[in-house]
Structure formats: C-alpha cells, structure tokens
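Some structures are shown below for you to check.
You will see chain A twice below: alongside chain B first, and alongside chain C after that.
Entry: the complex of A and B
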C-alpha cells in the first residue's frame, strides 16, 4: 500500500478552501455573471473530494456527520426554493415579487440583484452542494464494504 | 490566433477521446476522460458559453473523475465470502 506523497496531500488541503470560497462566490454572484446555483454548488462539492484526497476516508467519516448534508443542506435549499416559489402565488407561481424598480437603476447606475432570482440561485446552490457532497461520501463509504484493507494504516487516499 | 487555439483544442479532444478507449487499464482511461472533459470545457469557453464551461469543468473534470476512481477502487478487491483470509 503506497499512500500519496506529502506534496499532493498538503496541496489538496490548501487548495480545498480556495475552491470553497470560489464556489460560494460563483453562487452569490450567479444572478449577473456566468455560473449560478448548479455550477457553484458543484464547485463547493469538490471541497469534500479534496479533503478525502488529503486526509483519507477514516478521518473524514469521523469528522463529518452525513445528516448535515442530507437533512440540513438539501432540505434547506429545497424548502427555500419552494417557499420562494409559493410566496409569489397571489399573482402567479414563481412570480418575482420583490423586484427592484427600474428607476432605482436609472438613479444609481448599478445593477441590483433582481428580486427572487438571486435568492433562488443561492437556494439551488445550497441544495446541489449538499447532494453532490452526499454522493461523494456515499461512494467513498461503498469502498469500505468491499475492501479488506486495515483502516488504521490509511494516511491518505492511496492508490 | 483564435483558429490555431481552436484547432489545437479540437485535436486534443480527439486524442483524449481516442486514448480513453485505447488504454487497457481503467485508471488511465478515467484520467483520460478527465482530460477530455477539461478540453471540452475549454472548447465551450472558446465558443463563448462560460456558463456551460463552468458546469463542465466542475462536474466532468472533478466530480465524475472522483466517482470513477472510487468505483474502480471498489471493484478491485472483492471481499471473500468466508471473510477469513488476509494476505
């Protein structure tokens, strides 16, 4: 069994946090720039993949409670999305009910986040981040079911 | 200049797609698919679709490669039925 080198593990540990910040940036600015909820959520979900490379599965599964991804992140995102969709219901479903009027743009000259689309982008980002992190953690747990390897000897994602 | 870059990216796309089939080992094939996805993201960016490029780079190059490698690793050592013998 040959673990990955120290350079790879330290680099993945350092790079994971910047990927997290970049994914949150893509989600938050999704209303006006390239990217959005799904893309930013997928970038945030690579965070847990980098941490799996860096620390190995045993430490990650002892640190991470999977109900955070499953119950908190996914269901918060879905409930926020469907609540925002139903809050515009006196006019229509998915009605953009607190859009900023065009006169404010003409006076100040800066583009505001237009109503519910920015918050829906954040909701989709939370949901996709939780779901894809859950997919990666479940796939890594599936290795444990078929592997004979001793768990204590595993310093990194060895291959 | 842009045509040269476009041609190079398309050539790399064909080469990585060929090597993904041509390699015998599963791990080099998965890495080659990752390179294919990276070239695909660059191609989407050249064709002025940065939104799709971000999705392709994050899903194709990062997440699906991770899932492929986990699946290859899980398939490599099946547990014996008795569960006793360890080498």
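Entry: the complex of A and C
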C-alpha cells in the first residue's frame, strides 16, 4: 500500500508520540485513576494503527519486529499477571499478599500500597498493548497478501 | 419427532418466560443486598486502594479478569493463524 500525502505524514509525526506517551501514562496510573490497564493498552495500540494508516504497510512491516509485540509485550504481561495471581496461593488464589493498611501507608509512604492490584493493572496494560498491536499488524499483512500487485492506485487514498 | 421436540422446547421456554414475569422483588428495588455495601466499605481496609473499581476488577473478581486475558490470548492466536503468510495462488 502507498503512504498517504505529506500533510498526513507530518501530522502523524507530530501526534503519534503524544498518543504513545498518553497511553503509557494511562497504563501506569491505571490503578488509581479513571481508566485502567485495559483502556491504556488500547490507546498504546492506537499508535501502531496510526503509523500503518499514514505510512503504509510495507514501510512499517520492514520497520517493526513483530516478536516484540508477540513475545515480549503480550506474553510477559500475561505471565506476570498469572504469576502474581499464583503467588498468593498459600492463602488463596488472587490473594493480595503484600498490601499494607491505609494508616501504615500514610506514615511510611511506601510505593504501591495497593499491593498486587496495581502491578496487575500494569501487567494487563502491557498485555493488551501487545495483543491489539499484534492483531492490527497481522490483519494488515493479510490484506497485503490478498490484494494484487497490479493495482497502482488505492481508491481510498488521497493521491 | 422433530416437531415434538420443537413443541416441548417451546412449552418449556414459554413456561419459564411466564415464570419470569412473577419477579421476586419490584422493579428498581433490589432489596437487601449485602455484597455492594461490603465492597464499598471494606475496599480501603482490605486493599488500601482509593479506587474501588480496581479492587473489584483485580482482586474480588480476579477470575473474571483472568478469563478476559485468556479470551484475548485466544483471539490473538486465532488471528495470527488466520492471517499467516501463505502460498501465492498462481
């Protein structure tokens, strides 16, 4: 597929990184803010859709290593989530094993007083970001396989 | 035989629907439900989280979230298998 025009690519250069930073912000603060891991991961996955639409498939597929999204992000997030769930197993599955009471938190000021729920939220965010990016990348590759090479001009593109 | 099964299942579903109309409590008034009061009151004490939604999604109803993650993983596996690199037709 051909890339879009120069105006669209400049706008993409300007805004795609802000969207990535905003998505990471939503993931990291997901345990205490409206939002959360799942939604922040979806915003991070919007970054790769943005690049694919503006720059076209061939450039992005030569630039992106899919193993990063598949192996590193998605499966690390899922394994971290399930490992944290199993680590509370002496008491019960999904037991929150290193939370501290609210009064003790106000005296010590420890990071993550919520215990496993905060880290599970971040793990789910990592998993969803990798998974949705992987869906977009592999579906775009499927479109490229079906379309013929003889067609020079895409009807929906603006040049 | 098929018609008999159809009539039987229609009678059963109709009976269950008629039974559903006789609701145990009036509409909009769920009555005494101790679970939500317990969650709203105990979330700060149990998990010391300011966000009750996070405590419910990731702790009280953690099995739901683990099923969600499994559904997403299955979807990724099937999409990658469906759109994998194949041979050209020519």
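List of remarks:
Just so we're on the same page, the second predicted complex is superposed on the first by the 136 of 159 C-alpha atoms of A that agree within 3 Å, B and C clash if a C-alpha of one lies under 4 Å from a C-alpha of the other, contacts with A are read in each partner's own complex, and residues count from 1 in each chain.
By our rule, a residue touches a chain if its C-beta (ideal position, glycine included) is under 8 Å from a C-beta of that chain, and two chains touch if they have at least 3 such contacts.
Here the structure is a predicted model, which is why all the values come from computation and not from measurement.
In the superposition on chain A, contact of A:45 is made with chain B only, not with chain C. When the two structures are aligned on the shared chain, A:142 is found in touch with chain B and with chain C.
Within the superposed three-chain arrangement, the count of touched residues of chain A is higher for C, of the candidates chain B and chain C. Contacts of A:120 after superposition on the shared chain: chain C is touched, whereas chain B is not.
Of the two partner chains, chain B is the only one touched by A:26; chain C is not.
Of the two partner chains placed around the shared chain by superposition, chain B and chain C are both touched by A:36. In the superposition on chain A, chain A positions 36, 38, 135, 139, 142, 145 are in contact with chain B in one complex as well as with chain C in the other.
Taken together, the chain A residues at the contact with chain C in this complex read 30-33, 36, 38, 70, 74, 78, 81-82, 85, 93-94, 96, 99-102, 105, 113-118, 120-121, 124, 127-128, 131, 134-135, 138-139, 141-142, 145.
By the touch criterion stated above, chain C contacts chain A in their complex at residues 44-51, 53-55, 57-59, 62-63, 65-66, 68-69, 72-73, 75-76, 79-80, 82-86. Remark: chain B residues 27, 50-51, 53-55, 58-59, 62-63, 66-67, 69-71, 73-75, 77-80, 86 touch chain A in the complex.
Residue ranges of chain A in contact with chain B, taken from their complex: 26, 34-36, 38-39, 42-43, 45-46, 49, 52, 132, 135-136, 139-140, 142-143, 145-149, 159.
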